[in-house]
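So that you can tell them apart, the chains are marked A, B and C in the order they are listed, and the count of residues begins at 1 in each.
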Amino acid sequence: MNLISFSEAPKVKRDRNRIQKIGFAGLRLITVVTILPILGIVAYIVAKGIPALSWEFLSAMPRDGMRAGGILPAIVGTLYLMIGTAAVSIPLGMAAGIYLAEYAPDNWWTRLIRIAIISLAGVPSVVYGLFGLGLFVLFFQFGISILSAALTLSIMTLPVIISTTEEALRSVPYKFRVVGVSLGGTQWQTIRKVILPQALPGIMTGIILGLERAVGETAPILFTGATFFLPHLPSSPLDATMALPYHIYVISTQIPGMPITIQYGTVLVLLAIVLVMDIIASVIRSRARAKRQW
Amino acid sequence: MKKTEKLITNTIRIAGSSSILFVMLIFIFLLKEGLPALQDISFSTLFSKRWYPIEDMYGILPLISGSLIVTIFSMVIALPLGIGTAIYIGEIAPHNVKEILKPMVEVLAGIPSVVLGFIGVLVLSPLVRTTLNLPTGLTALTGSILLALISIPTIVSIAEDALYAVPGSYREAAYAVGATQWQVIWYIVLPAARSGILNAVMLGVGRSLGETMAVMMVTGNAPTLFSRLEAFVSPVRTMTATIASEMGEVASGSAHYHVLFFIGIILFLFSLVVNITSSSLSMRPKRGKDQVVS
Amino acid sequence: MSGVKISIRDLHLRYKDGKHPLRVINLDILTNKINVAFGPSGGGKSSLIRVLNRLIDLSDVEELSGEVLLDGKNILDADVDVIELRRRVGVVFSRPIPLPMTIAENISFGMEVAGEKDKKKIARQVEHALRQAVLWDEIYDRLDDPAYSLSGGQQQRLCLARVLALEPEVVLLDEPTSALDPVSTTKIEEFLEKAKEEYTFFLAPHNQQQAARVSDFAAFFLQGEMVEYGVGEELFFNPKKKETADYIQGRYG
C-alpha cells in the first residue's frame, strides 16, 4: 500500500470502501449461489417424495419388479448394514483412538499409524469395493453378503471414528489425568472413569457421522453385498441384501417404466435417515458444550 | 484386576496399529488382482487410446482423461464457490447468519452421492440438454457440476478451519493501521491461511477424483479421449465409473477383471499422494505434557 | 526428637530438554511435622514434590538418581508399587483441580480405583474426609452437585479432602493457597496445624510469610540446591547463609 498525501485521504478512503462493498457483495452472492442448490435439492426431493410415503411404502415388500408396493427390504438391508458396520468399526475405532490419544509414544511407528489412517480416509469408495471383493467375498469366501459388505464399510468408516475419538480425548484437559493418577489410579482407570466419559459426546458425534456416510455409500457395497432383487428379507449375515443407496441407483437408471413417485419416495427415505442422523449429532454436540465441567 | 487391565491395555495397543494392517491389506489385494493385468495385456495396449473391452481393447487413457476433465472442471466451479463461501462464513457473516449457514453446508456434506446423482439424472441433465441444445444431457459438464456440489462442503470446512487458525493478532495489527475489513482479509488473512487453503484444494481434488456414483449416473459413460473442446459437453467416462459399472459383469480372473483392479491401483496410488501431501500441509501442534499442574 | 519420615539423599534430577531442577538434594522430612521448602521460583520445590510421589514418571526425565527413603525403603527403585505409593503420599496442587464429577464422586474416586466396594464405608469415609478438610458443614446437603460449582477456596479444600480420604501418611502441598483468598488460606493453614498429629506435611508455600507462619522445619531452596535448613522461625530471624538472608530481606524474589 502506498503512502498518500493528506489531501488525497478522503478519496482513497471512499475508494477503499467501495472496493469493500463490491467485494462483500460478491462474496454474499457466492454464498447464496452455493447454499441455494442445497435448499433447492432438499425441498424438491421432499416435495416430490412425500406423495409416495405411506405406511405401506415403508413396511411392505415390493411388487411388480419394484414398480409398486413398498421398499421394506431396502430399508431393512440398510439397517442391517449399519448395525454390522457399527459392531466392528466402533470398538476397533475407539480402541485405536484411545491408543493414539493416551498410550502412543512419539516415535516413527506412531507416525506411520497416522499416515495409514490418513491414507485409509482418502481411499475412493469404489476402491474399497474392489478391496472388499478381493478380500472378503473371494479370499475369505464370505460371498456377496451382508458380512462382506459390512466389513468393507467398517474399514471405510474406521478413520473417521479413530480421528474423532482421538480428538475428543485430547480436548479433555491433561490435568485430570495427573489428578487421577496422583490419587492412586492406573492409566486405564483414569481414562475409563474420568477422561472417556467427558469425551463421549464428541466420540458419539463422530460415530454418528461416520455411520451416516456408511449408510449412504453405494460403491463399497456394489460388489460385496448389494443385490437388486430379494424375494424375502435377509435371514443371515451370509445373505446378500437390498440396500437403499443401491436401490436408488438401479431404479433411477435401469428400470424402464419406474414410477417417478416411487423413485422420489425412496430417495426421500434415505435423505430423511441421513438428516435425522445429522440432527442427532448436532443435538449431542450442543448439549455437551452446555454441560462442560471445566 | 491387574490382569484385566493388562488385557485391555494390550487390546488397545493392538487396535492402535490396526490401521497399518488395513492399508497394507488393501494394497496387497489390489496388487494381487491387478498386477496380472500387465501379464495379460501388453503395456502399450494398456495405455492406448481405446477402451473397448468387448473387443479386448483395454486402453485406459480415455478413462484417465475422463476423470481428469470432470475433476478439473469441477474444481473450477467448486474452488471459487467453496473458498468464497468459507470467507463469507468465517470472516464476514454476522453470528446468527453463521449459525444457520454452517449447518446447511453440513447438510450438503451428508447428502449421499447417489442422491445427488439421482437429482442429476432427473433434473440437471435434462436442464443441460435443453439449455445448451445438446443431443444428450449426460456429459462431462453435468458430472462436473455434481462433483462441485459434492466437494464444496469439504472445501468450505477445511478452508474455514484454515481461516480460523490465523491468529487474531494479525488482524488486529492490520486494523490498527487503518485497514478496511476487506483489505485485512485479502492482504493479511488469506496469505496467512495459504497452506490451509491449499490443503482444502487438495482434499477437494481428492474427493472429486474418487467419486463414483454421481459421475456414473450423469456422465454418459462413453470412454472417449478428450481431444476437442466439445468433448466437454459430450459423454465421458471416469476411472471410477468404469470399475463400478463393469465389475459386475466380468468373469473373475479374466483379463478384464485384472484391468479393472489395475485401474483401482492407479486410483489408490493417486489418493495416497493427495492425502499424504495434504496432511503434511496441515501440521497441527500436539497437546503436550508441558501444560501440567502447578 | 522427631522421627524421619522421608530421607532424601543425593537426589539429582535432570529433564531430557536439559533443564536441571534438582542438584544434590539432601533433606530429611520429619514425621508429624509441617516441613516447608521455600525460595524463589525455579528453585526445584515443585520438582521435588513430584519426585516424592513418583508423579515425575509422567515427564521426560533424563536422569533421576539418588535415594528417597520412605520409612527406610527407596521409592525410586524399579520394583516399587507406584500406585500404592501415591496412596501413602498424597498431593495437593497449586490450582484446585476438581474432577468433572460430583463432590462425592471426587472424594470417593481414590477409594473406588483402589477397589473399595462397600458403599457404606465409602460414604463414611467421604464424610470423615470432608470434615477434616473443614468443608463438610458447607456442602453436606449437596454432595451430588458437580464439584465445578464450588468456589475456589471450597474446591481446594475438596482437593485436600480427596487426598485425606485415602488416609495417607504424607501429604505434599505445592503452593496450595496461591489461588485462594485470605479466609480460605487461613482455613487451610489451621487445618495443617491441627492435623499434623495424624499426618506428615511437606509444603512449598508461595510466599515466605506463609512459610514463616506455619513451618516447624524449613529449608531454603535456590536454583536446585538446598542452601540452608533450620527449625521453624529460627531460619527466618537468624539465617546463617548469605543467600538465605538476602532472599528473606527481599533483595531478590
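Here are some notes:
As a convention for this text, a contact is a pair of C-beta atoms (placed from the backbone, for glycine too) under 8 Å apart; a residue touches a chain by one contact, two chains touch by 3 or more.
Model, not experiment: these values are computed from the prediction.
Of all chains, C has its CA centroid at the greatest distance from the CA centroid of chain A. Relative to the centroid of all protein Cα atoms, the closest per-chain Cα centroid is that of A.
In terms of their C-alpha centroids, the spacing between chain B and chain C amounts to 55 Å. Rounded to a whole number, the gap between the C-alpha centres of chain A and chain B is 15 angstrom. One simple way to say how far apart two chains are is to compare their mean CA positions; for chain A and chain C this gives 49 Å.
Shared interface positions of chain B, defined as residues touching 2 or more other chains, are 289, 292-293.
Residue numbers of chain A whose C-beta contacts span two or more other chains: 175, 178-179, 186, 189. Listed for chain C are residues 58, 93, 97, each touching two or more other chains.
Put simply, chain C touches chain A in their complex at residues 53, 55, 58, 83-84, 86-87, 90-91, 93, 97-101, 109-110, 112-114, 146-148, 162-163, 166. Those residues of chain A that touch chain C in the complex are listed here as 175-176, 178-186, 189-190, 193-194, 197-198, 292-294.
Those residues of chain B whose C-beta lies close enough to touch chain A in the complex are 5, 8-9, 11-13, 15-20, 22-23, 25-26, 29-30, 32-33, 80-82, 84-85, 87-89, 92-93, 101, 103-108, 110-119, 121-123, 149, 152, 156, 180-183, 186-187, 206, 209-213, 217, 240, 243-244, 247-248, 252, 260-261, 264, 267-268, 271-272, 274-276, 278-279, 287, 289, 291-293. Listed in rising order, the residues of chain A touching chain B in the complex are 1, 16-17, 19-20, 23-24, 26-28, 30-31, 33-35, 37-39, 41-42, 44-45, 91-92, 95-96, 98-100, 103-104, 109, 112-131, 133-135, 138-139, 155, 158-159, 162, 170, 173-175, 178-179, 186-189, 209, 212-213, 215-219, 222-223, 245-246, 248-249, 252-253, 260, 263, 267, 270-271, 274-275, 277-278, 282.
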